[in-house]
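After the structure tokens below, expect a handful of questions from me.
Labels run A, B, C, D, E and F following the written order; every chain starts at residue 1.
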């Protein structure tokens, strides 16, 4: 983890990065239930889930979301801050033992409404894929980034 | 936590519920860094943050998001599943020791595109407030809910 | 989790509630060892336990007790507080992967000794069952509850 | 932690041991909420508790119980197993930052009902004290212990 | 855990102790990644490790080191403090499900350089073995211990 | 975290890197006690430590060691593996709330004994500093690195 300053003008639409993999474990689910207080049987009752269509326990959506966003945390950019997310969609369930990788691609740039001279948004499309190459989660991460401005 | 079946037709726009409070602790941030791998100094370096505008460590956005969504997990509705979130916005930072409460209000209902006879979306606006009555996070939670259909 | 005021007079002997299930995982045992400092090989040494009558690691008694009591935490009743437990008995071991459900039944009511006009005890029999319908733990949970008193 | 075989006949009424201290932290409470699913505001909402008689968050009863019993886990005795607890009473609340020590004293011995020749119960009175020398929790721990039998 | 005072003169070269076993679990690795921030795929990506010579995930070196040293923490000796470690070597990987035991033997004693009259070093050779009797980790633990001095 | 292949010949003596900071919290100590089973009062009993020369609880040596090594985990180098550590010395205690940063400098390179043509050791001196610019821990991290060999 290192500091690397990067201005709005330096992000290019189409640039992309892919993480290494991470296996989602039973322990991750237990810890996420413990952090969030969500002990729904969908995540924690193996017996009942064996009788349901999924056939087994599934990870919390917020677990995969949190881990995936965390996996994209690379260099620290003092010119950028996380502004929000758009269109988070849980496409497929993630099961215990699944291994996810994350691809983040710059898909858009837009001006900040009130201060377009000095700030803009970088739109990063985040896609989470399992070991069967299935997309399990997508979202758009919006960063508010400082503009270097005219030279 | 109990099972309570509820169909699409039974959700009413305007209905709303508010949770009890939960204090966000240093331990929560340490655990969330550990779950996500995001050890950015914004969350974990008290010395450096003392030199920044915020003046102190701030909670991860995904921590507040995960806890807030978890706090809204009430009865188990076998007719409903979490479909995704829209427009997540981090309005204000959450500091160690802040206490959040969550209000969730049904703000919209819409038909499922492919199977409008049998499924619809319930849009729940989730607002997270701190002890100073400041909104810190908003998002729209989309549920895919079974329709009871014509009698 | 919601607040629901309930007075001593409103508890009825024979009323009962049953929770959804929760699978006890290896992670739960590791976390409980870590919380309590009890690293006895009965809970943490799979090799040695394979040579013992149980044949495998068993959950800590205090883990099952804590989880079971936690699973019965329903509505918040401002008129009630936990006073203690009687006759906790560990009937059968709980193994990794076992799924427990909890039934809590009001089996008795009694007056508080010093202030019988204003307080009483509600006795709730807590029974923990595994997926083979075997009772693994029983205890009596005593609540000290405010009396509404004469109208 | 070491193995030390000890038979029923070798326990003496009146013998007693006292542990070193352990400070109960906010992290312990957060972890215990996470393990048990009990996120009651009594334990996790500092703002609300500031308006209540206690004035601050209190530890879960099952946290203090589990930690105290864990603190008494000394040598591993292959002749003894934990049978249950009697009369657990929460005398005073434990607050964040309180330091507890535990005294365990053998207060009784009794025969096993069905196999009095070979087994007996050792009754250990467990008392948990805070740094103000106040007793916060008491319980009787029952061990089922093998008898050495006649020589 | 109890206090037992022991002076430098009372340690004897050749004395040794062996712990009970502890199984290293997936949860231990997840928790250690979370504590250290080391999410390398060697420890957390089961899919990728299946393609590597080891064939499966391996525990962090610092996890085995920390657990092994913790397992040797016996009585509290007010005359001794941990000074450092020498020659830590990771001999073989530890896999999920392996059970380790630790042997600690006093292999040397030496005088403190500046205050040889009052202090000395006790050198304890720590060896960690798995269930296949393979040594997986060795290190020398140096304790700085008070000398009782001349009578 | 990304993969960056680097051969033995490419490491240069004198090169160095410094991490961002991380504040060591009470939660870190509680979690480390839980992972290692080391519940010594030096780390967990605030009351007793207030009567000792240090005046307050101190972090486990293995906690600071594990976190510091984790903080130096940068790019994944498929040509390098962790071989061991030499001369770990705990110079000063780390207290709750201290913020550490880590500097790692290549201080030596040496040939592997049996296969000097293909492997060598890179010696990295790791120094951990607190917010008062005091060195609290030093160690030498040895990496076994593939040689590219003659062109």
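Quick notes
In the analysis below, a contact is a pair of C-beta atoms (placed from the backbone, for glycine too) under 8 Å apart; a residue touches a chain by one contact, two chains touch by 3 or more.
Chain by chain, the UniProt names read as follows: A, B, C, D, E, F = Acyl dehydratase.
Given the structure is predicted, the values throughout are model-derived calculations rather than measurements.
Considering every other chain in turn, the ones in contact with both chain A and chain B prove to be C, D, E, F. Both chain D and chain E are touched by A, B, C, F.
Looking across A-C, D-E or A-B, the pair that copies the C-E interface, with over half of its contact pairs the same by residue number, is A-C. Chain A and chain D carry the same sequence, and matching their CA atoms takes a turn of 180 degrees, rounded to a multiple of 5. For chain F, the chain with the farthest CA centroid is C.
Of all the chains, the one whose CA centre sits at the greatest distance from that of chain A is D. Centroids of chain A and chain E (each the mean of its C-alpha atoms) stand 38 Å apart.
Distance from the chain E centre to the chain F centre is 16 Å, each centre being the mean of its Cα atoms. Multi-chain contact residues of chain F, defined as those touching 2 or more other chains: 1, 20, 25-28, 30-31, 34-35, 37, 39, 41, 76. Viewed as a contact network, the protein chains are fully connected, with every chain touching every other.
The part of chain D that touches chain C in the complex is made up of residues 1, 28, 31-32, 34-41, 60-63, 65-67, 69-71, 73, 76, 82-90. Every residue of chain A that touches chain D in the complex is listed here, in rising order: 31, 33-35, 37, 39.
Considering their complex, residues 20-23, 25-28, 30-31, 97, 99, 131 of chain D touch chain F. By the touch rule above, chain C contacts chain B in their complex via residues 1-3, 19-20, 74, 76.
Every residue of chain A that touches chain C in the complex is listed here, in rising order: 25-27, 30-31, 34, 39, 41, 44-48, 57.
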